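Look at the two complexes coming up: subunit A is in both, with subunit B in one and subunit C in the other.
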Partner chain A sequence: MSFRKYITVYKKFLHTSLASEFEYKTNILIDLITANLSLIGSIFLLSIFFQNNTSIGGWEFEQALIIQGIYTILNGITNTWFNPNLTEIVKHIREGTLDFVLLKPIDSQFFISLKKITPSGFLEIILGFCLLIYCIEINQINLNLSFLTLCLTTLLCSICILYSLWFFISTTTIWFIKTWNATEVLRSFLYIGRFPLNSFSFSLRIFFSVFIPIAFITTIPSEVFLGLSQLWKIFLEVIVAVVFLFSSRKFWLFALRFYSSASS
Partner chain B sequence: MKTNLICRKLYTLLKVQYSNMLEYRMEIALWAISGVIPFFMLNIWTNNGLNESINISDVMLSRYFLCAFFVRQFSVVWVVFSFEEDSLMGRVSPYLIQPLNPFFRYFAQHLAEQITRFPFAIIIAFFFFMFNQESIWIPSLGVLFLSTISTFLSFLIQFLIQSIIACLCFWTEKASSIERLLFIPTLFLSGLLAPVVTFPEYVKYWIYLTPFPYLIDFPANLLSGNATNVSGGFIMQIFWILLLFPVFKIIWSKGTKKYTAMGS
Partner chain C sequence: MAKNIIDVKNLSKSFNISSKEPGLKGTVKHFFKRQTNSLKVIKNINFEIQEGEIVGFLGANGAGKTTILKMLCGLIYPSEGSILVSGYLPYKRKENFLKNITLIMGQKQQLIWDLPPIESFYLNASIYDLNKFEAKRRIKKLSDMLEIDHELFIPVRKLSLGQRMKSELLAALIHEPNILFLDEPTLGLDINAQRNLRKFLKKYNKETNATICLTSHYMKDITSLCKRVICVHNGSISYDGELDLLLKKLSPFKEIIIVCRSEEDAIQLENSGFNVESKTKNEITLKVENNLITSSLKTILNNFDIEDLYINEPPIDEIIGRILIKKRV
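Here is the complex of A and B:
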């Protein structure tokens, strides 16, 4: 019953936010060009790295392209859902409009995380999948059902981890009021996800797998794509994703206890 | 008399904006941290020995990326976003009545922000040297002077480009998507992620005709003591400023005629 309610509410969200986004049509067009250029730029950068080397951190060019593909998909998802919504939290808290969200008879985390949608991110997701299909061809990967389910699970886990990271940082706004730039820090760190983790020095590798689990977000799904990943790594990723989702939820409920509306 | 007046106005604006920026020092610290991507890039270059083939030693490359970080810190521009918000909110109307071009206000804002940012950039550089002690060097006074000027010129170029884009707000209301489009070549071609020297020959020839390498690559090479064409770089920087300034003047006078106040 309540599940169906959420579906209907989400349909309304989609309708309203798409309607308001399509008001700026040229904007969407320009964003589409930007997404294309961005992918071309990062492949260009990668080709500079491979100019005189055959492999970086044990990854060949064709294999590193898979990481680019997965990064592009995840970046598209971030631009479509996470970025427009979670930057809105900052606004809600600063202007005190979070009150109205809390008063609504639906889950506040659901409302805050899914209210808006930016359609131009879709192209990035499509581009990422196209790149992945191309990579499957040039790396001669055999497709079968168990391979596809494994890939999808790790990709889903990455999305969960990514969402939790964004949501964590946005939640801290309740204490710090202005964390606009904290999301910018996260964004610049996530940039690292474009490259194989093994290409970094040992200390950075530790940092990016323990403190900010960027390693789990792109490298493990890419390894699964290549059939290189051990089973324990996949298990670990699932566990990390569950822990992150669960604790981000708890953290949100905990933070709400400290929320005192903006004085009006 | 007239220039004296403008100087006094600019000085007052600078003072006001500096105290304003000091209030948001935490945010500016986060901005400074979000600019550490060059260091991650450096890690990829040196950790994989990619620089051996291009004849730049580890030490010189680490100096280059440190300087790229510094130049970026002091040439970041965000006029488009401020102006877009002000114009959407209708705050531009009162600015237009004042006997001062509103862009002076934004200009002072940027300068004040750079002054606030300076200590944080120094702290980050200090940490960098702690981990890379062999790359410590002290540039001569002349070099320091020249590179400060070229960084300022790079800031001016970016400020002019963004102001021109910001003026498009008079026609389209949302101009930040054009800025995001232009950010892609700035990111990949300016030398922030890889020195322009390492680019393949067929692109290098074209890139030096665009303004991008003079934004970060040229000042960073100058400051770090890597080989670069000093007079050519300055000539190109000044050339672009002389080219962009009249464009800005024209688009500003056309735009203000087109302007209609929103709301109220």
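Here is the complex of A and C:
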């Protein structure tokens, strides 16, 4: 596997998918407006929750905004990379076009996970970072190298966990053929990630930590941001991310043995 | 002597296929308790293909042609038996193996729909490790052979089916593979587009000595490209050999249509011991065995006053149609 080749191919992916998207200017414009309205709507919803309470689950409004910022970044990444590519797996399998991917001398997981991008998702990522910078201001957080490294690590781990979960569900299409609903359920669970984990009951906290690790995706990076996270939690998130990534990879390779291709 | 490039031994493939009874009751039952049966779609087949050969796979719909092709290119794992293609086990999909083969499917496309084909060609070139100059050279060469030029810069969605198929071919051949798997490549194309595609494949085979495995329901594809055919019937091979031999074997007769100068001559010819198929006024149709054609013609020309004469080959579609329903040819 030549790293250089993968960089060249990824550059081509970027070029072709941007060129494809720019064919439809109105669609990009609508997506950009939607991203802005979605963020405004989310902050409005959060402010309603905090109208009669100064804190929810021990989190104040200014602190909960950090979770919203991280959620917005992750949602932006989802819309830029995961949504256009991972939902396409279902189509590839149903229509048999996965054949073309599997017969290319390139890693099939790399190909189907990164071939497309939706540029409007970039705006969400930028808006998420802007919100985080604002939160650093209002929460008077001191910036230093170790703080930034930890933040970046936990954020990267969150992206890996989210990707693995989504990829895992999409892979099951090889057996079940149609799994649109499952990815939609995952997206719905992600909305829960906009709220602090402590605001849920004990049983729900266990569910969102063990079965669908939404807690790891938004809450731990937010705690790191506020300097509230304990080191073991960060280690745990790194381990969960590695295990999820590794498992999704193994699961994909295992599932391909059962790929029967669509009939002609 | 050409070496074997494809070697298939005792190959079988089974699929689990679910069946559903009609009606609402059947649907509910199917939802809760799915009945699946293991169906053996390929049954213990053996064949070898030599380098540079063009082999046509013939068979009715569902006979197993595409499954064989997909096992040969490594998309489907075989249930039993062994396959060696260019010295590789196809299902392992090793990088060097994948750089040697290509699959073209008439009903599926890999080109990026919203962009001109040239963008897909350069993307494929980067996947196959070709630098920009080499990719440009190959695109130029193949586009000249395929007679496509300005189409390279028009979005795929705006191209006709024929132009799209040519572009698909170019995208699939940019890495200059030496084994081509073609699954109904002329499906839906008009007569001229079909002819151009066949012309290109012939030329490609001649220039590169590439091996071509082809399935098609258009008999013209098979007759103009393939010397050898493998007939598949219900997952088994019913015939493997030269197409000409098969046609001779299945159709040992030819029709001779004779137009006599007078009705008396026609009556005389009718009663001269030939196998007469039909007669209208002074025109007679005889059915003559292939090995008796010359002697029969000699007798007719020497003894009767003939105005005109035609020899008809039986329609090839009809003969092939007979093969498709035969268990053993």
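Throughout what follows, the second predicted complex is superposed on the first by the 263 of 264 C-alpha atoms of A that agree within 3 Å, B and C clash if a C-alpha of one lies under 4 Å from a C-alpha of the other, contacts with A are read in each partner's own complex, and residues count from 1 in each chain.
The definition used in the following text is that contacts are C-beta pairs under 8 Å (C-beta built on N, C-alpha and C of every residue); 3 or more make two chains touch, one makes a residue touch a chain.
Keep in mind the model is a prediction, meaning the values are calculated, not measured.
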| item | value |
| --- | --- |
| Subunit A as common anchor, with subunit B and subunit C clashing or fitting | fit |
| First, second, both or neither for A:Leu152, with subunit B first and subunit C second | neither |
| First, second, both or neither for A:Pro105, with subunit B first and subunit C second | second |
| First (subunit B), second (subunit C), both or neither touched by A:Glu95 | second |
| Subunit B versus subunit C as contact partner of A:Thr8, first or second or both or neither | second |
| Which of subunit B and subunit C A:Tyr259 touches, first, second, both or neither | second |
| Touched partner set for A:Ile133, first subunit B, second subunit C, both or neither | neither |
| First, second, both or neither for A:Val243, with subunit B first and subunit C second | neither |
| Least Cα gap, in Å, left between subunit B and subunit C after the two complexes are fitted on chain A | 7 |
| Common interface residues of subunit A - those touching subunit B in one complex and subunit C in the other | 24 |
| Contact set on subunit A toward subunit C in their complex | 2, 5, 8-9, 11-13, 15-16, 19-20, 23-24, 95-97, 99-100, 102-106, 257, 259-261, 263-264 |
| Subunit A contact footprint on subunit C (complex, rising order) | 15, 66, 70, 73-77, 93, 95-96, 98-99, 101-103, 105, 107-110, 112-115, 119-120, 122-124, 126-129, 155, 183-184 |
| In the complex with subunit A, residue positions of subunit B that touch it | 24, 26-27, 30-31, 33-37, 40, 43-44, 47-50, 53-54, 172-174, 177-178, 180-181, 184-185, 187-188, 193-194, 198-200 |
| Touch list for subunit A against partner subunit B, complex | 24, 26-27, 30-31, 33-34, 37-38, 41-42, 44-45, 48-49, 51-53, 56-57, 176, 178, 180-182, 184-185, 187-188, 191-192, 195, 199-201, 204 |
